[in-house]
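Here the structure comes first, spelled out in structure tokens, and everything after it is commentary.
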Amino acid sequence: MRPSGRSPDQLREIRFTCNYTKHAEGSVLVEFGDTRVLCTASVESRVPFFLKGKGEGWITAEYGMLPRSTHDRMGREASRGKQGGRTLEIQRLIGRSLRAAVDLKALGENTITIDCDVIQADGGTRTASITGGFVALSIAIQHLLDKNKIKKNPLHGQVASVSVGIFQGVPVLDLDYAEDSNAETDMNVVMNDAGAFIEVQGTAEGHAFRREELDSMLELAEQGIRVLIEKQQQALDSV
Amino acid sequence: MRPSGRSPDQLREIRFTCNYTKHAEGSVLVEFGDTRVLCTASVESRVPFFLKGKGEGWITAEYGMLPRSTHDRMGREASRGKQGGRTLEIQRLIGRSLRAAVDLKALGENTITIDCDVIQADGGTRTASITGGFVALSIAIQHLLDKNKIKKNPLHGQVASVSVGIFQGVPVLDLDYAEDSNAETDMNVVMNDAGAFIEVQGTAEGHAFRREELDSMLELAEQGIRVLIEKQQQALDSV
Amino acid sequence: MRPSGRSPDQLREIRFTCNYTKHAEGSVLVEFGDTRVLCTASVESRVPFFLKGKGEGWITAEYGMLPRSTHDRMGREASRGKQGGRTLEIQRLIGRSLRAAVDLKALGENTITIDCDVIQADGGTRTASITGGFVALSIAIQHLLDKNKIKKNPLHGQVASVSVGIFQGVPVLDLDYAEDSNAETDMNVVMNDAGAFIEVQGTAEGHAFRREELDSMLELAEQGIRVLIEKQQQALDSV
Amino acid sequence: MRPSGRSPDQLREIRFTCNYTKHAEGSVLVEFGDTRVLCTASVESRVPFFLKGKGEGWITAEYGMLPRSTHDRMGREASRGKQGGRTLEIQRLIGRSLRAAVDLKALGENTITIDCDVIQADGGTRTASITGGFVALSIAIQHLLDKNKIKKNPLHGQVASVSVGIFQGVPVLDLDYAEDSNAETDMNVVMNDAGAFIEVQGTAEGHAFRREELDSMLELAEQGIRVLIEKQQQALDSV
Amino acid sequence: MRPSGRSPDQLREIRFTCNYTKHAEGSVLVEFGDTRVLCTASVESRVPFFLKGKGEGWITAEYGMLPRSTHDRMGREASRGKQGGRTLEIQRLIGRSLRAAVDLKALGENTITIDCDVIQADGGTRTASITGGFVALSIAIQHLLDKNKIKKNPLHGQVASVSVGIFQGVPVLDLDYAEDSNAETDMNVVMNDAGAFIEVQGTAEGHAFRREELDSMLELAEQGIRVLIEKQQQALDSV
Amino acid sequence: MRPSGRSPDQLREIRFTCNYTKHAEGSVLVEFGDTRVLCTASVESRVPFFLKGKGEGWITAEYGMLPRSTHDRMGREASRGKQGGRTLEIQRLIGRSLRAAVDLKALGENTITIDCDVIQADGGTRTASITGGFVALSIAIQHLLDKNKIKKNPLHGQVASVSVGIFQGVPVLDLDYAEDSNAETDMNVVMNDAGAFIEVQGTAEGHAFRREELDSMLELAEQGIRVLIEKQQQALDSV
């Protein structure tokens, strides 16, 4: 039995509140149960140094947790003077995952920065960030199309992400904190709407996982992501 | 005429959403019109180095703006590797202001950290932070009393804050961004429920202000803060 | 009775030693009693990034305390790797205060940096820095006029600053360290030679101050600043 | 055809030079073709703060590239003042992977730090670091057993790692730089000697990969790691 | 002919103003011509970590230049966030040189920090710092003896320093900035009152120097330091 | 008797392994007995800011120790976030020493960075770095000549370095760690192939050294450097 009473293949309640803030070109508050992440997409008409003059754009991401988004207060990274390894790892993952859905040439010399700030954490903040980040990105791109700043939609697909794991010997979908902190194995999967994989990151500190466990987890992830992709679409349709 | 259509002595709409997040001992989303700040109060049973063994507690504050809380995206302080001068100045102000309402001996050897994170900025983020910070602090202190961790309420008053300024020659209360960015003079006032001053910070970069202008601004502030103190009380009563 | 034996409205002995160092375009050692601050004004024919191409100049300030300017040795900020919040707050205040006296367009594309380095601290280092900083700035501007680098004097007034406070229930002018560390309320006031206010910063950590106390302090400050403005003028006349 | 002329399932030449340096408790120069990494294991009889008094030990890793280990010179991280996100990500991966082979209780209150410094890079530096890091760790643990500092061998298995990818449509094992920089998909796999997975990290920036491609890559990895585990064993036997 | 009109073996005018500031246990303003350095010695009754419990004391030094002590304004190290290599090198040299005159056991568990802050630079700031630093240190040690905090004078000699160089082919003593910036070779020498060497640092970026040039410079230095040692003694006698 | 059994004027075994790595334009592994330093020379066709447009090139150096190159593990500077004073001092010395052999005008607008990374330390790492750094630099310059990127050889001499000291009252050449850590005096000497001095740095923390001791050490150094210069030449001839 899962602590939340969910069945092994059941997602938490998923909610997208689009245009949650007024300044960003795209914004959404994404909720996976009690995990709440504010994703904003900011458009700037410049590109990073390494793309100067190539006629391409860039998608990048930053991630942060509010100090008391977690059970115990965490030190503020701005005050400690640097972002931790976990933060850097997560924001690199978000950026790579979203770039996989974008034709950077069609974006022109624009940079879109996806900021994912965790308001409340209850497990799965990185998968919520990718899933919500895609929605914020889509709204911002629609904004660029509406303003005629780009001609062609640079999105060539949808991207969503979910976690899977082995909890008390059973493969489960979309782990919350109670499960995550006790899981034997934890895997984050990012996929597109064509059912192909963009990222697969599985970790076993305690119990190494066998090939058949890996296979079960991948199947749960495929199934969960199919649902998330539909929910993203519904949210975007209602904007 | 003010850009928002308000009369010179009219506050924006003020809202407090108490217990906005679930982990913090006290939390509130405070809104002054479109300015939205999440204030959390985190209790830790330890004190900073300089208070070790003195039998007193401490109240401190940290302040941050989400990168796209503002009209244009600001660089993330965690990623730049340091907090800017404005941030440090504001969080020192919030901490001093809230300490003025607390008997640190009655708090015992506990530290309460008030995190004020700006979700959306439209002028007056520091005054909203102090006003909301007091609410979060009160909820956290009630939590300590309920759990019998302290015997006596260390709060000996209420604290609230508002900005006043001279906009197009007229003294106005609670400036929004459209006014703030064009004001000749800007003043932040912090007061307690006994009508006494805790902080007065007035600045004139362009037009130096005369004593009678200072007096008019102080009167507007006194009047605005009286209203804010009532609204804080209502919010706390409904928790 | 004040620890120094001064009457409540009496300034400490004020001294300006102009051209204290030889390299700076303007320099002065300012003394408010035992508080000694070296102020230098350095002219550079460039402007910060945000003013490029606008035909305007800039005035900025930096502040530092020598490690043993204080009673106990303070860690060197250069060695700790960052300037503290108090330092940043003070140098922002000095810069704002001095800019209030300058027509930045008439300054042309020049930057003048005012460095205020505290040789010995005995209370009131920020007010001495502003008061001395104005003198160093004036000498540097005269240097620019003498060298025909600017045509018109960009100074449109004088700026000086003093602290006031409530010490043992009595409003007093120009607090020294013995008073400052025990004051119930401390206020720094910056004014121009027209008797208008540029900055007013009053703080009460312990005892919140009432409106009539604020009024008494402001009157003492106005009176003290009138004297400081005369002494600045005498110092500049003798250069 | 692979640029190196290898068959798709062929590892590069693998070499371990044990005890490459004289000060470390364990050291090895590991070579995967032209990729050369110096791995040292340093034992200290203390534990990090979060393990104080728990009677357990710790395994941690640090990773660095010499500035000219790469085709173009990279800035030295020590001189830039921080480790980049890629570095932090890799050293977290090495630490997690090696901890998966160790009974931390049996290690006692000792910390073993695995330093992986890349002398020359030609693709696969992280998989070489894990594979060589295990050898250095084993030598250091034998040293502790020989000196009677621990009673029981805390190693409960072997750990090795290899990369796999899709290069020009074909799944290949152990990518060198020429392949890595052009691969459509890149996956790093860490396994133990029981054939179970410790980490699986697959990334597709360009071409998302299908389930059957993932399966082929995993099979190549399993096969390659079996060989690496044998070579580790031979190297350790000859110490 | 030297730019200053001095003969090759002539020191600049040397002045020591003892007790220049009031807070430090020892302080002196040392002047070598237009080079002015404020040296303070601060006593703290603690020792650095590596000396805990050994019953010995420590002497350390810090060095800084005020931003406009130089011809052109230099960036403030506190604001750049780190001390430069030149600063670190100089403060290490000052510390080593002064420790050479002190019996650290006789100092007891006290740390004396020598702060050398350059008010005005005109060449030779490091040699002035060592020579003045010794005077500040002596005053502070006398203070400890007077207060009965130590029983025995830990000073077992005097230390002074001077620069020598080859300027336009001629060996010269105590270079000022006009010479220093054009010298072919520059050497800093630290000696004790017994005529023995503590540090010799000679550098030739342009013209490598021959053994006979080295010998001439060393003789000039020995002669100059003899004079400095006398002047230190006179200054200390008059305190 | 020296711990190693060497006679006082005997160098350790000196080895140069040229082209030790494949990416750098010049590389060498230099060994002075058990001290092993990897020196690489990297050419970039750009110059630092202060040389822009002057038609000259630049030679600079960076130095680092692998964490376990030493007897006890040292913290990694990249992870501590800054290079220590000793590191900065050494890399400044290496850069100055090598620039003394180069006609920067003949180098054209190229920068050559010499990275000296200590693989194993056993005393004398800075002198090995200079001596090996010269070899790496020469190989890189030959590479530029071979590729016709420069017309004329900018090297106008050879540079090598050795340490000397007083160990148990006897002047000795090329100290190893056992001697270095117990020496009364330690001196690093850099000379060119014409027998002239580029740097002389002698330090006495414990026992101040007399002029005749200085003379003996300089003679030993001259003799040792003559041998090193020959060995450099042989190594370069065999490339």
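Residue numbering begins at 1 within each chain, and the chains themselves are lettered A, B, C, D, E and F in the order written.
Note that in this section a contact is a pair of C-beta atoms (placed from the backbone, for glycine too) under 8 Å apart; a residue touches a chain by one contact, two chains touch by 3 or more.
Since the model is a prediction, treat every value here as computed from it, not as a measurement.
S.K.: If you apply the touch rule, which chains end up adjacent to both subunit A and subunit E?
M.R.: Where subunit A and subunit E might share a partner, there is none at all.
S.K.: Measuring centre to centre with C-alpha atoms, which chain is farthest from subunit E?
M.R.: A
S.K.: Farthest chain from subunit F, going by mean C-alpha coordinates, please.
M.R.: So the farthest one, by centre of C-alpha atoms, is B.
S.K.: Please report how far subunit C has to rotate so that its Cα atoms sit on those of subunit E, a copy of the same sequence, as a value between 0 and 180° in steps of 5.
M.R.: 180
S.K.: How far is the middle of subunit A from the middle of subunit C, if each middle is the mean of its Cα atoms, in Å?
M.R.: Their C-alpha centroids are separated by 50 Å.
S.K.: Between subunit A and subunit D, what distance separates the C-alpha centroids? Give it in angstrom.
M.R.: Centres of subunit A and subunit D (C-alpha means) sit 28 Å apart.
S.K.: Where in subunit B do residues touch at least two different other chains?
M.R.: Counting only residues that touch two or more other chains, subunit B contributes 81-82.
S.K.: Reading around the ring from subunit E and passing subunit F first, what chain order results?
M.R.: E, F, D, A, B, C
S.K.: For subunit C, which residues are in contact with subunit B within the complex?
M.R.: 82, 84-86, 88-89, 91-92, 96, 99-100, 187, 191-192, 194-206, 208-211, 214, 218, 222
S.K.: For a test of understanding, state which residues of subunit E touch subunit C in their complex under the given definition.
M.R.: Touch residues, subunit E against subunit C: 21-24, 27, 34, 38, 40, 42, 44, 62, 64, 66-71, 73, 76-79, 81-83, 87, 113, 115, 117, 119-121.
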